[in-house]
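The structures come next, written out as structure tokens.
The two complexes that follow have subunit A in common; it is paired with subunit B in the first and with subunit C in the second.
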Partner chain A sequence: MASSDTLTRLRYRYLSGRLVGEILSKSWIDSAIPVAALLAVLVALAALIPGVFNAGYIADLSRQLAEFGLVALALTIVILSGGIDLSVGSTFALCVLGALVGMNVLDIGIAASLAVTLGVGIVCGLVNGVLIGYLRLRAFITTLVTLVIYRAIYDIVFPRLASVIVASTPDSPTWDYLGFGDFYGVPVSFIVFAAVALALHITLSRLRPGWRLRAVGGARKSAFNAGIDVKRTVCLAYVASGLLTAMAAFLFSARLGSTGADTGIGMEISVLTAVVLGGVSLGGGRGSVGNAIVGAILVLVLTNGLIRMSTPGSVNQLVLGAILILAVLFDAKWVKNRSKILSRVYVSPTYLALPERSKAAEAAFALNDRLGAAEPIGLGIVEGPEDVVLDADDNLYTGTRHGTIVRFLAPDYQRSEIFARIGGHPLGLAFAENGDLLTCVGGMGVYRVDREGVVSRVADETNRSWLSVIDDSRLRLPDDLDVAPDGRIFFSEATIRYEMADWVTDALEGRGNGRLICHDPRSGKTQTVLRGLVFPNGITMCRDGQSLLFAETWTCRISRYWFDGPNKGKREVFTANLPGYPDNINRGSNGTFWVALLGLRTPTFDLAMRKPAFRRRMARRIATDEWLFPNVNRGCVVHLSETGEILDVLWDQAGENHPSVTSTCEHKGYLYLGGVSNNRIGRVRLPDADPEWTARRDTWGRG
Partner chain B sequence: MSTSAETDSGRQRIRAVLRSQEGIVLLLAAAAFVLFSVLLPSFLSPGNLLALVRSVSILGILALGMALVVIARGIDVSMIAVMVVSVSWAFVITRAGYPFELALLIGAGFALLAGIAIGALIAFGEVPPIFATLAAGSVIYGTGRTFFFTLEMQNVPPDTDWFRLIGQGSLFGIPVTIVAFAILCVVVQLVLSRTRFGWTIYAMGNNPNAARITGLPVRPMIVAQYAISALIAYGAGLILASSASAINARLFNSTMIYDILLVVVLGGIGLNGGHGSVRNVVLGTVFVGILLNGMTILNIDYTIQNLVKGVVLLLAIVIDSIVNPRDEQTSQQGDL
Partner chain C sequence: MGLLSRIADLFGRGDDDALSIPPMDGVLKPNDRLDQAERIADFAEADNLAVLDGQLVCSSGDTLYRIDPESRQAEPIRRFGGAVTMTAASAGGLLAVGVEGAGIELQTSEGWRPIDLGDANRCITAAVFRSEHEMIVAVGSSRFACADWKRDLMSKGSSGRVLAVDLGTGATRVLGEGLAFPYGVAIGQNGAVIVAESWRHRLVVLASQPSARPQVLLDRLPAYPARLLAASGGGFWLALFAPRRQLTELVLLEDGYRAEMMATIPPESWIGPDFSDAANGDQPLQAGSVRQMGIMKPWAPSRSYGLVVRLDASFQPVASFHSRAHGQMHGVASVAELDGRLYAAARGAGALLRLQPEAVS
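Coming up: the complex of A and B.
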């Protein structure tokens, strides 16, 4: 039995499947698959055709890529905007004609020819753009028709000029350099392509026009509501597409110097295949320049490989069509199911055994009704007061779910005012020595509120750990904090894997997903001190000024950690095997500590924590609202001595006022209570406590 | 009092017809007919009119298949590929020594399979119809050219005289082609207006999500539509081959599929789906027939004809989108 438990523990510690969910949640996963496919194709090709990747082939491929890639980029822009452009092939043919007419027929020089070519491309794109952007026609059918129209124009004009184009050769070294020259061995056209791709990448990912384009493609209505000129953005996307296609056509004309009746025919299929294969999603809004280039290389390598193996053109058509179908199929299914798969595999439970509790230990937690008589403060005014704290003038502060810090005014706490607006849900609260209020805000970080109520940020990121797949530099769920005598702020982050709204789901994992972080105001640096803590929650300084206590909620344990002094770095268990899940820890009078238990252990959930396979199956098979969760509906307050013995337990027997308690604060003979899902603050009289004791005086020796 | 109300409503109806796309196309068709009749002496001869209707019947038959799909908010641009490949294959098989009738059945089976595959891709793979059919057209044609036949022109096999009757014979003085088109029109009209199958097609076109939620078998219906349109394409291919004594695979590269779309869209079947009937197909067919015939008699260059058709189709789509604006509630993100 014991050995099988050990096996389970090891299996779920080292092969928990946590990384699968984390990798799936990364945004680069969309691009990883095409890149892997490209590598596979390259390896397969190198194995099938020996010596295929020689210098000549690569130079030839890079010239082809320059033209084909530019058209792929053109289509990418349009697809990102939520449309499609099938007329690229015909536009390309018309632009080639424009370039050759400029160079060979009219002989107006390279600059004017370039202008003509780009002009043709822009006009073609503008026609599409006006029809689709402003008249709101369907992109697919419209560009299918303009494909026919542009092609018809080409078919009308080309035969009349073909002989003139072939007869004359332009005398322009720049033109030849563009077509055949290389710069330190790199083809000039490829350099042009690389420069355009880089500029486009920066525009799409870093500049406002790119963001707007992706916004329109990703969610047209939302983009409109956000004030983006949707019609103009869509129209400009087609114009940009025409422009890039024209550039490709110019490079093509410079390389070949002539054109044929079939120039650009079927190009839309191969370019579309390239773009979709590269990972640009047809729904719009998803995709990048990198995606388009990867797809373009894939398609070029494939078609060149097929030509090398001397297959007929119809096979090429068959293969491209089949790849397009598969790529579109994969894209449709992937976009639809990615989040479903993710929500199934993201929860990755581990083995967590909590010892059984003895009868004697249970006896200390006998029920009473000491909290039943708690006097409510701010009933119905506050929602979700996770932590409560009092200042030197006896005013009471708490954070609310609405993103504010509310102040109740002494002495009767009947009047309240909004002290500060934070934005996120303030959780842990603590006063700095100078009277500033420090707070951990869920999803945001640690913030400081001065006496006037002005909010400023203290820390919202820490150092990134190198081997973590998910980005753990951002603070997701800072929970509680306390200030060391030298001013350093120690705070806990409960979990790096879940957002604030899903905090209970972390209980199903039972893994050390949390950490202890220190912010030093003198250097302004934030550093992670301890990792791998199981939902670290409450934090309080010990009276030696060199150590602190922190609670790990799901392991029902409170530990002591020395951050200074001779024992620096040491960590020992302060009290373990509590009957419930500890939340905040605060200091009490006479050298004691108060611990709030937000929920109670149950034999069922304890058993489930020893059965990770069961919890994993549960998370995969049934809906979230039917999962087995820890009991966080019943809690109590525990009074601990300086060495961790239980002195006293306070219950709310009826469970009406404070069924679950997340924080306590002793102040002048009263105990104040907060609850993260409660609608009030409670206060009970402590008959044996020192009526003059305040946490502030205990910490800073004054006030 | 009552008579004036009646004339009012009658006037309103006329006005509504004139305002609708159908009315406009009807007027245009009539105008083109009158214009060609006056300008081109040979146009109005009975021989030319018969030739006009016959040549356009094949287009009409194909457009009926397309209309079924378009009314259900789909589109099928693979019809020509299915048509040329399945018919060519049937002829190749016959030349290889199989009985002609069996070969025709095999061709029909291929068309059916292709249609079902395309439909499954759209229904179960959730690939947008236009992508699925565009890519499938490429695949079907590539498959045909690679595995089934190498020659572009496939002649009708010898010793199949009854087959020639389809395209060249006549029934009571009316060419069989036109009779086939008329019969198919009646059948499709009855299916669309009288059967549950037809009503489901309209429901799917009006609001696919609502159709699905109310429990209609949307996925099998999609598969059925593409299978039917593939079969119709095969039938049209047989008639075409019969009348020309051969089938040309290069039709796949021609603008024939745009002609079909032209008929459907010009006739007034909105690409949004949900409305339109056989009447619209007939109307569109007649108009396109007059246009093509007139241009041919005028001896306009083929490439210029393409340009004219393209521009007319574009104008038709523009008018369609103004008359039947896209429904923002039921159109989806990425609905191209």
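Coming up: the complex of A and C.
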């Protein structure tokens, strides 16, 4: 048993599978798969055709990519808007014709020819755009029809001009430079393409039109409801498509100087293959310029490779078609199942063995009913008072799940008022020396409330750690804080992997997902101090002013950490192997500490913590409400001495008034109790306590 | 997990059927009718109801009581050498009592007489008189005693038997075997023997050959069935003593976890069904059962539940009586009908209940 446990522990320390879920949760994963496919194809080709990637090939490929890539970008824009453009090939042909008519037939100069070409493209796109955007015709059928119509126009016009086009050669160095020239070895057409792609990337990902386009493609109705002019956006997507196709056609014309009857035929299929293969989702709204480029390179490399292996053209088409079908299939499945896969693999439990508890240790925790008679404060008024603190005038403060801080007025605490509205659930509370109330707000960060109730932000991010896959700079679940004598705020963040609503899932993982963070108000900087803590929860300063205690909930352990003085950086266990899960820690009178246990260990849960695979299957296979959980319907308060010995334990025997205690606060001979899932604050008299003692006086020596 | 479902699981189409619990819906829609019932007597472990001479018989631990439902007076009949695990009364006034470890004690007009069933003595779970000379006895498990029922469940026990016992000679004949904890038995039309097979959550009628596969009458029950009683107006009453939960079904599939749980943890703290959610802090909790804002949700996935179901003559549920997660009357394993009123023994709450008169009609 012991050796297999060791194996399990090692396996989950080094191969926990946590990264799989975290990588899958990144948005760039959509692009990573096409890139991987591209690399695989390149490697395969290099192996199959020796010497394929020489300088000439690269130059040729980049020229092809300039034209093909522009058309792929055109189609990407349309697909992002939720439509499709099958007429790109015919539009391309018409634009080529326009360019050649301008240059060869009319000889009106390169600028005018460019204008003619782009004009043809815009008109073609506009026809599509008006029909689809404003008249609400189906994109597929409309562009299929315009494909035929544009092609027909081309077939009518082209034979009449063919001989003229071939006969004359324009005398324009710019034209030739565009077609054949290079700039420091880079083909000019490729530079044009790169510039267009960069501009388009910025537009799509950073500017308003791009966001609107994605919104329309992703959810047309929501976009409409959000006030976006859906019709115009769709129409402009087709116009942009026509424009980009025209640019591609202009480059093509400059390179070849002529055209044939088959120009642009079959182009829609290869471009569509490229775009879908690159990872642009046919459903609309998902995709990027990068996707389109990767897909375009992939298709070009593939077709070139096939030609180099002297495959007949028809087989070439067959291969492309097959790849398109596979890509579409993969896209459909991926979009549909990505979140499902993510939800199955994201939860990644690890091995966590808690030591057995001795009989003597159990005896110290014998049941009593000292909390059973707790006098309720604010019953039914507060929901979720995670922490409670009292000010110099004995008023009582607590946070609620409605996003407020409520103040109960001394001396009887019958009257209450909303002291501040924060917006998130305030968890840990502490007073700064000047009387400002500091609070950790779930999902938001650390906030400051001054005496007038004005809320200001203290910190909502810390330094990003280099090796973390998920972005750990934002604070997700800060939950308790305390202030050092020099004003620095130390706070714990329970987990970086889950939001507040999913803290239960973190219990299931049992990994060190949390951290200890320090905010220095003098420099305004926030820095992570300790990482890899297992649901660090309560924090309190020790009386030496150089160290603090913090509780790691799922390991049932409280540690001491020196942040200053000769022992700076040292960390040692203060008390371990508690019978329950420690939450907030607070100072008490006579140099003691109060620890709230939010729940009790159960043998079945302890066993489950040693069986990560069991917990993973549980998370995957049964509903969240059915998960095994620590017994948080029972909690207690532990009184610890300065050195961590257990002085006293207070229980609510029936577990109905204070089933789970998340914090305590001693104040003038009374102990106040908070519970994050309770609807009341409790107060019990402490007969042996110093009736004048307050935390404020203990910390700052006054008040 | 079989190979096929493993492959299916790989493609995201895992066979999660094994973990799906039939919903309490339709006729089984939850209500609070057990909690609203009249509490007429308190016994620590009220169970094993029977009707004898117009009075109720009820057990608590090793003691058998007689209760007058009108005056609500209870007097002990006898204290046995082990826990009472079954009572049955005949039309002619015979009373049979199953005693864990000792077999059956039969009360006739001449007094008490023991009937030894050999290795079945440990786990006699239910019985019904076929005549004044013969009774049908359900034996929950051949491996474990009644008190060890959790171990039988977690061992996926299917060693239960149904015996016909000749009261004159004490001779036994096996009517059915290989049953997964038969916890209730009744005589149907044409003398057919109907058995509540608890661990398989179903009612079956025994075939003529003991080893033959029994015919299923009602399956996919959302809770573990216990005693079965022929109702006066036709049909049957079925008490279901604890709810099925996905977590329990998962643990039944998780051999490694289950083996270690059984080896290292006392049974009262195991994951699985129970008669009551005891106040013991060591007991497992499921996430949905966390007390929120001072309230236990009625639909919380509790370990215990109270459920009595009325079945018609074709074994289809027609009415149900519940005590939900926030209620108290959990662990009803036995019911009795007397003078047109239905009585239920809630073992988890230690209470004898009388249901509303309209329950029977």
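One rule holds for everything that comes next: the second predicted complex is superposed on the first by the 702 of 703 C-alpha atoms of A that agree within 3 Å, B and C clash if a C-alpha of one lies under 4 Å from a C-alpha of the other, contacts with A are read in each partner's own complex, and residues count from 1 in each chain.
Here is the rule we use: a contact is a pair of C-beta atoms (placed from the backbone, for glycine too) under 8 Å apart; a residue touches a chain by one contact, two chains touch by 3 or more.
What you see is a predicted model; the values in this text were computed from it and never measured.
Trainee: In the superposed model on subunit A, is it clash or fit for subunit B and subunit C?
Mentor: Subunit B/subunit C on subunit A - fit side by side.
Trainee: Regarding the shared-chain residue A:D625, is it in contact with subunit B (first), subunit C (second), both, or neither?
Mentor: After superposing on A, A:D625 lies in contact with subunit C but is clear of subunit B.
Trainee: In the superposed arrangement, which partner chain does A:A364 touch: subunit B (first), subunit C (second), both, or neither?
Mentor: Neither partner.
Trainee: With both complexes overlaid on chain A, does A:R617 touch subunit B (first), subunit C (second), both or neither?
Mentor: second
Trainee: Just to be sure I read the superposition right, which of the two partners does A:G284 touch: subunit B = first, subunit C = second, or both, or neither?
Mentor: first
Trainee: Tell me the contact category for A:V315 with respect to subunit B and subunit C: first, second, both or neither.
Mentor: Touch partner of A:V315: subunit B, not subunit C.
Trainee: Which partner does A:L48 reach: the first (subunit B), the second (subunit C), both, or neither?
Mentor: A:L48 sits against neither subunit B nor subunit C.
Trainee: After superposition on the shared chain, which partner residues are touched by A:A392: those of subunit B (first), subunit C (second), both, or neither?
Mentor: Once the two structures are laid over each other on A, A:A392 reaches no partner at all.
Trainee: Taking CA centres, what is the subunit B/subunit A/subunit C angle in steps of 10 degrees?
Mentor: Reported to the nearest 10, the angle reads 80 degrees.
Trainee: Subunit B to subunit C: minimum CA distance in the overlay, Å?
Mentor: So the smallest C-alpha gap separating subunit B from subunit C comes to 12 Å.
Trainee: Common interface residues of subunit A with subunit B and subunit C?
Mentor: The answer is that subunit A has no such residue.
Trainee: With touch defined as at the start, can you tell me which subunit B residues reach subunit A in the complex?
Mentor: Per the touch definition, subunit B meets subunit A at residues 75, 77, 121, 125-128, 130-132, 134-139, 141-146, 253, 255, 258, 261, 271, 301, 303-304, 306-307, 309-311, 313-314, 317-318, 321-322, 325-326, 328, 333-334, 336.
Trainee: Can you check the complex and tell me which residues of subunit A touch subunit C?
Mentor: Touch list, subunit A to subunit C: 337, 340-341, 344, 367, 383-384, 504, 600, 602-605, 607-608, 611, 614, 617-618, 621-634, 653-657, 659-660, 677-680.
Trainee: In their shared complex, at which residues does subunit C touch subunit A?
Mentor: Per the stated touch rule, the residues are 12, 14, 16, 19, 245-247, 250, 254, 256-257, 260-261, 264-266, 269-271, 279, 281-294, 300-301.
Trainee: Give every residue of subunit A touching subunit B within the complex, in rising order.
Mentor: That would be residues 82-84, 131, 135-142, 144-146, 148-149, 151-153, 155-156, 219-221, 265, 269, 282-284, 312, 314-322, 324-325, 328-329, 332-333, 336 of subunit A.
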